[in-house]
Amino acid sequence: MSFQYLKPNRNARFKDRYTTKVDETLTPYEERKTGDIGVIGLPFSKTSISLSGASEAPGTIRKALGSYSTYSGEKDEDYENMKLLDFGDVPVHPTDTGETLKRMQTSVKEMLETEACQKYVMLGGDHGVSFPSISAFKEKFGRIGVIQWDAHHDLRNIEDGGRTNGTPFRSLIEEGVLWGEDLCQIGIRDFSNAKTYADYAKKHNIHTYTMADVEQKGIQFITDQVIQKLENKCDTIYLSVDMDAVDQAFAPGCPAIGPGGLTARELLGSVAMASQHPLVKGMDIVEVDPTKDFRDMTSRLAAHVMMRCMYT
Amino acid sequence: MSFQYLKPNRNARFKDRYTTKVDETLTPYEERKTGDIGVIGLPFSKTSISLSGASEAPGTIRKALGSYSTYSGEKDEDYENMKLLDFGDVPVHPTDTGETLKRMQTSVKEMLETEACQKYVMLGGDHGVSFPSISAFKEKFGRIGVIQWDAHHDLRNIEDGGRTNGTPFRSLIEEGVLWGEDLCQIGIRDFSNAKTYADYAKKHNIHTYTMADVEQKGIQFITDQVIQKLENKCDTIYLSVDMDAVDQAFAPGCPAIGPGGLTARELLGSVAMASQHPLVKGMDIVEVDPTKDFRDMTSRLAAHVMMRCMYT
Amino acid sequence: MSFQYLKPNRNARFKDRYTTKVDETLTPYEERKTGDIGVIGLPFSKTSISLSGASEAPGTIRKALGSYSTYSGEKDEDYENMKLLDFGDVPVHPTDTGETLKRMQTSVKEMLETEACQKYVMLGGDHGVSFPSISAFKEKFGRIGVIQWDAHHDLRNIEDGGRTNGTPFRSLIEEGVLWGEDLCQIGIRDFSNAKTYADYAKKHNIHTYTMADVEQKGIQFITDQVIQKLENKCDTIYLSVDMDAVDQAFAPGCPAIGPGGLTARELLGSVAMASQHPLVKGMDIVEVDPTKDFRDMTSRLAAHVMMRCMYT
Amino acid sequence: MSFQYLKPNRNARFKDRYTTKVDETLTPYEERKTGDIGVIGLPFSKTSISLSGASEAPGTIRKALGSYSTYSGEKDEDYENMKLLDFGDVPVHPTDTGETLKRMQTSVKEMLETEACQKYVMLGGDHGVSFPSISAFKEKFGRIGVIQWDAHHDLRNIEDGGRTNGTPFRSLIEEGVLWGEDLCQIGIRDFSNAKTYADYAKKHNIHTYTMADVEQKGIQFITDQVIQKLENKCDTIYLSVDMDAVDQAFAPGCPAIGPGGLTARELLGSVAMASQHPLVKGMDIVEVDPTKDFRDMTSRLAAHVMMRCMYT
Amino acid sequence: MSFQYLKPNRNARFKDRYTTKVDETLTPYEERKTGDIGVIGLPFSKTSISLSGASEAPGTIRKALGSYSTYSGEKDEDYENMKLLDFGDVPVHPTDTGETLKRMQTSVKEMLETEACQKYVMLGGDHGVSFPSISAFKEKFGRIGVIQWDAHHDLRNIEDGGRTNGTPFRSLIEEGVLWGEDLCQIGIRDFSNAKTYADYAKKHNIHTYTMADVEQKGIQFITDQVIQKLENKCDTIYLSVDMDAVDQAFAPGCPAIGPGGLTARELLGSVAMASQHPLVKGMDIVEVDPTKDFRDMTSRLAAHVMMRCMYT
Amino acid sequence: MSFQYLKPNRNARFKDRYTTKVDETLTPYEERKTGDIGVIGLPFSKTSISLSGASEAPGTIRKALGSYSTYSGEKDEDYENMKLLDFGDVPVHPTDTGETLKRMQTSVKEMLETEACQKYVMLGGDHGVSFPSISAFKEKFGRIGVIQWDAHHDLRNIEDGGRTNGTPFRSLIEEGVLWGEDLCQIGIRDFSNAKTYADYAKKHNIHTYTMADVEQKGIQFITDQVIQKLENKCDTIYLSVDMDAVDQAFAPGCPAIGPGGLTARELLGSVAMASQHPLVKGMDIVEVDPTKDFRDMTSRLAAHVMMRCMYT
């Protein structure tokens, strides 16, 4: 016998026949399946300097996709046929950091090796996950350019605490994965970094844009500029979105919140513009801590960042 | 004997003799009483697609009026003598949706028939209340133009779930109450609607302004434009303010929150400008869910929307 | 190629090889599959008199099962091989109450008709779901005895608001599904009911045990007594657990909380004792509102109620 | 014209024709009106040692009365005809403590002078309100016996901070309003008082019962004992219920919460027993801080304390 | 013996050797010690008209300094050698308002008399603390100019409630401490003041800038203008930052929140610009209520206000 | 010059001259200083299986000591002269678990080697800290008996995740630090453990008492029994209090909450009884997660556990 009404718990919500929610286009990856966008979870935040629940974000961001639809009114384009493949999450080792970093790099690498999709979204976790993720992209795609939205340089020394969430770009540069001149940082905020690391950025020719730059030049202008800096010399462009680049009013769920950051509109506009470039193959979204958030606002913003990146 | 100090619980708060709080000017309607603004509560949100406590909003918005004063510094005008008449709330039937819709339409109609006021404010409730409310206005005032601030078109089909909060303007159009060309939608947001309904809007000549329009043209310009579209052909103008037109940072208490919406200042400026037009006879404020809000921020914004509408 | 580490999002949590979490034993029902316990979600609470988010409970209770293991130390018995079949959730009609009630009764009936399991757990929803659920049990199993843990009689008249969550047992009695003498109510609380309904209970020979009875006679004694009252005359026994029978300190997430109720230990002991009886074929758990809860405490208690009922 | 449905905002809630909510029996006092129970609000907590929002409690406790009905199942008695007269609240002076204390004493006195009721309930406010309240009772009724449920002696010296909420009973004794031997304290908790004040209690022959006494002798026995101590020598008995006598799990909204206190059932049973005595003419409920509470649990408990006291 | 690892509780947090947190530069004042910035806490908010926990702010703002570093990337300047001296907090009298006002004025005066620093930051408390604080500055430095960021005039009459947090500037003017023409108010909001007080402002030649002024002229222009108004005629300039000048989205922890205020960026830019002027010797930050805040967002904004003022 | 009123921020709170708060008796350890009780913080919870903020507990528990006084009314004994020495906190390495475990064991050892106190309290952190702590006690004091209050055995295998918070007693047994027969577990809860680990407990002659044992035999009887089991064969007794032994209603801030546990009174009575034994030299309190707590209720309970242990 079959049932007249019953549906699996997750699917029993109201369905309007003409509306496709983004999460309805996300299906588990299976061997040889291809799609448009690959999604992977990197639920690791034990390496955060301050207490972080960013490990919960891959779940909440996926869930937030269920609140929005595949149709862009601005472009009058429906992306309901764009296929999102969910490669699942990397299981975290409870006590061995090195093991978890290895698992993440291997898993992103394995995902890329499937060549199943055109673009990939990595859902952190804290910013420490960018080290294994970008390393895997480098192995696969060659010289890599990175656009990083962040209040912080993330160029801390490694001696004082190992590979914490304050160190990914230092690690990438010192391991030779990324060249300083191929890294662009947007949204660097006052009183949120140390002089040593700002000096390190300069010495390595990292392109940094502070909030004062954003106020004076405009986020569109800056975004355009960083794309131009990277497009000719890099084989691929990777976007790294630390949500704390955004003002605490718009992203209250980040561990290191503060005032004076980007508005949600500024971030979304900037990510959308960058994502149109054909070299963009990957994006990570990090530092969303759902345990500190209000009504999943920061996960919702992250979901919109995803949509702006995917639907170009 | 009389008491030296005792006052009813609600009036025992501190009173500065020179300050009039808005709620002090709100008194219950009684037969043959006249005033300037009529206020009615439509505390119904059982027809919401997602779980909604918008039914609590008429109470919290009225309470928020107690935090603000009748004096506009911008205009150097004190509205302490403007009389607000409270027509009370429509009692909701716990299980019969149709009955509740009928009660709401009848009650708004009865309120309008008193001809006690120049302008009326309907406090929802979810957006479903606009269907009976606008229907009643139509009956009383003739051809009706509507300015709707909303992230969503609210033009869903009715087959899939009846008259939910996603359907009011579809219902109004299909029932012949409202013509598509008399409807202006401001703040329509990306990834928040289905293509089918955007197409429906076009087909029915609904005037829609997206957030990209707001960013490019400015909210003032758009507001001015919609007023011009309506003022010549309609007998009256009705404002319908769905608070989720506003960014989640400024209106965290709506059921369907998301990033990238209007700022509070943009909404207030737009409502103020529209409300100055003499044809504006009614406004509803909907989709404020106090059970999800933080410190009644969304009800407070709704109270300011009221003040901008009333004090012109 | 296959992946070394990647797992579906829900399964990426830490796994101790010797520990079986209860949710690991819950698998979706498929045709002709049999098991020990059938689980179904009845996510409906629009008929609640006060605003209720009990519709969210089937999801949170299932999730809470993931925090507990299949092993009972008290009995030194591991239930890891007991199979829980998940029949999914009944989709709710957004605006048509009657339709939803019909869907629920049909779906419970269809589940019972599979004869796949020995015992069934219905996850509400508000207490209104017991009307269709018990009706379906009656159709399938014949004369039905009900043990209801509740602060309230739930014998309200239907004229004043239709089949709300205050009416299920009145409805069942008046529809001839349940006889008053086959209904036992435990935990009835002072100042939480109307005299009319207490009189109705008496007139229909309903067995009621108040909190004073619990304090004086002990919950074990009472539970034993109600079992004796039902076991000889009924074909089956159905347990209906309204979580608001429990004191607000132990079940803070019910819509109608109050002090002076059962402790968590009292409820768990009572349910465990009753569940051992071979006539017990079904149990519903209702009035858990996760949107009002603290740290899912009430859903956790509900999960323990389930375990006490299933693992006998 | 009259309206078919519209009701004042506060009355638009669902009404079951057979159920009387306690707040429906509470009406504003008017000259020469008589009733059974007088209720007055003393919304003052600026004198609290730690930050306190107890000034909000008179409103939330009254509101909590709307969640419960007038019918006692335990006694099979409906109190719907018992009339509660609301004398309103005493307005607090924002900066002058002495003035506020005077207003409270005067107002309680004026209420008692109306001789409108048999019994009076004073809703605090912090425990400091007992000083003016009991003083007024003394003036009206003569020698006064007090039963105080409290974790603390409230016998602090006045030199170190004036008449704070830690001093009311010291003040009453030193002003000659109350004799030590006429004061009974139940629920005094370990590590919550200073030796000096315990010694003061002994020296003034105050009857104190600690939580160890409650565990060993039982709350019923103790309650019976204190009644016996007071009934022969006093002209009237006054109950003073500091909600922090209750364990933090059952009364999380008190400023000075802690573990190891009374259960809700113990407090309710004790208050009910004491209130049956014909000498009991007044009760205050203090130290409920709604701004720190969870779901108004502590106000709900306070409402039940009121009902146990009123409905004897 | 000495310990290899152990550190005092507050210092056991992670330390990056190259990063100096602002709180690391804050040390207790000792006799004859000198520094750059003096910090004092005025933890008093019992005089607030509405319930206020602003008394907790001196602690939370100091703690927020621990989240930010001494390095300004915008100026490429590290302020790690700038010495902040903590003069401690003024103990509040629990019941005697006048005594507390006296203690505050004396303590600020004593701090200024040490001549230990160039600039001083006073951490409120409610806005009532500006009366004793500015009075002390006047005594020490002569004619004083004040820039006040505030939604409100704070010019209420004193008869109706004494020196509440609505009265400081009225009190200062009437006591002859401050001349109206030396007071500039930025951010005055609609429907947040009474006409009487706006008239008082005009009559006393107070310079007021409303939110409409901010929208039209820009915050930078206005800030520049007020500095020009004060710099020639005053001996010193005092900044008084009432955080409720900021929109509720950016400063949700103020007692009197509302929509339509300054953004965080506008406030920070304005304070930074004003603070550069050499006449600025003192700043108070008031009306931050940590008990109502979300994730100390408002204290974090206050910390940034401090940094913008100190690091010029 | 000296100040008339100013006090360091932490000491500016109200002081009653006759009351000594427990935190006033806690002073930093300095070389050769002796006292009665040594206190050390082990703020480590990165090894928790589920996300844990127990690392914050040493701070919040110390702070909670400020809410209670040194006087026990039950014993009529003031402990104001008992000296508590604060040895500070062990700094955690952000990414190297092994290093942190080593630091903790070394630091506890160094503390014990000072021989400054009679008894020591270790404030966790998650239960993983008991492994280094008990190891240090063993080195110093010889054969060690452990009384563990816990819902869980904490005897998990180490292969599946290393030394997590589920493994401390397994680790201690396998490292030969502790013998199974010297370990007593009280409060073991149903459906909270795996059969394998219950079997391990039996095989190693661990004494386990479940919640059913507590209900049937009483907590006093059990406590007495475990003391008798340990006092003759062990050189010292160590108490290990996992707060999740307590029901979620009384200890809502533990990571692994659930219903059906000990009441606060049961735990306090049991710890008090055990602590009187002269062999008890150490106690740890673990699994308090202040980031999940409500009003620091669980830290407050932990503070009372400390007082019951210290003040014997």
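Letters A, B, C, D, E and F name the chains as they come in the text, with residue numbers starting at 1 for each one.
Basically, a contact is a pair of C-beta atoms (placed from the backbone, for glycine too) under 8 Å apart; a residue touches a chain by one contact, two chains touch by 3 or more.
Chain-to-protein mapping (UniProt): A, B, C, D, E, F = Formimidoylglutamase.
Small disclaimer: the values here were computed from a predicted structure and weren't measured.
Undergrad: Under the document's definition of touching, what chains do chain E and chain F have as common neighbours?
TA: A, D
Undergrad: Looking at CA centres, what chain is most distant from chain E?
TA: It is C.
Undergrad: Interface overlap for chain A and chain C, more than half of numbers shared or less than half: same or different?
TA: Same-residue interface.
Undergrad: Please tell me whether A-E or D-E has the greater number of C-beta pairs in contact.
TA: Looking at A-E and D-E side by side, A-E shows more C-beta contacts.
Undergrad: Which integer distance in Å separates the CA centroid of chain B from that of chain E?
TA: Whole-Å distance between the two chain centres: 38.
Undergrad: Taking each chain's centre as the mean position of its Cα atoms, how many Å separate chain C from chain E?
TA: Spacing between the chain centres: roughly 56 Å.
Undergrad: Chain D: which residues touch two or more other chains?
TA: Where chain D meets two or more other chains at a single residue, that happens at 14, 49, 94, 161, 249, 294.
Undergrad: If you connect every pair of chains that touch, what shape comes out? Choose line, ring, star, complete or other.
TA: Graph shape here is other: it fits none of the named patterns.
Undergrad: Within the complex, which stretch of chain A touches chain F?
TA: Those residues of chain A that touch chain F are 46-49, 51, 53, 55-56, 93-97, 161-164, 291.
Undergrad: For the complex, give me every residue of chain C touching chain A.
TA: 1-9, 11-15, 28, 31, 40-41, 43, 58-59, 62, 86-92, 94, 103, 106-107, 110-111, 113-114
Undergrad: Considering the complex alone, what residue numbers of chain D touch chain F?
TA: Touching chain F from chain D are residues 49-50, 156-157, 160-161, 166, 188-198, 208, 210-212, 215, 247-249, 252, 256-260, 292, 294.
Undergrad: Can you list the residues on chain D that touch chain C in the complex?
TA: Chain D residues touching chain C: 14-20, 22, 67-74, 76, 78, 249-250, 264-265, 268-269, 294-295, 297, 300-301, 304, 307, 311.
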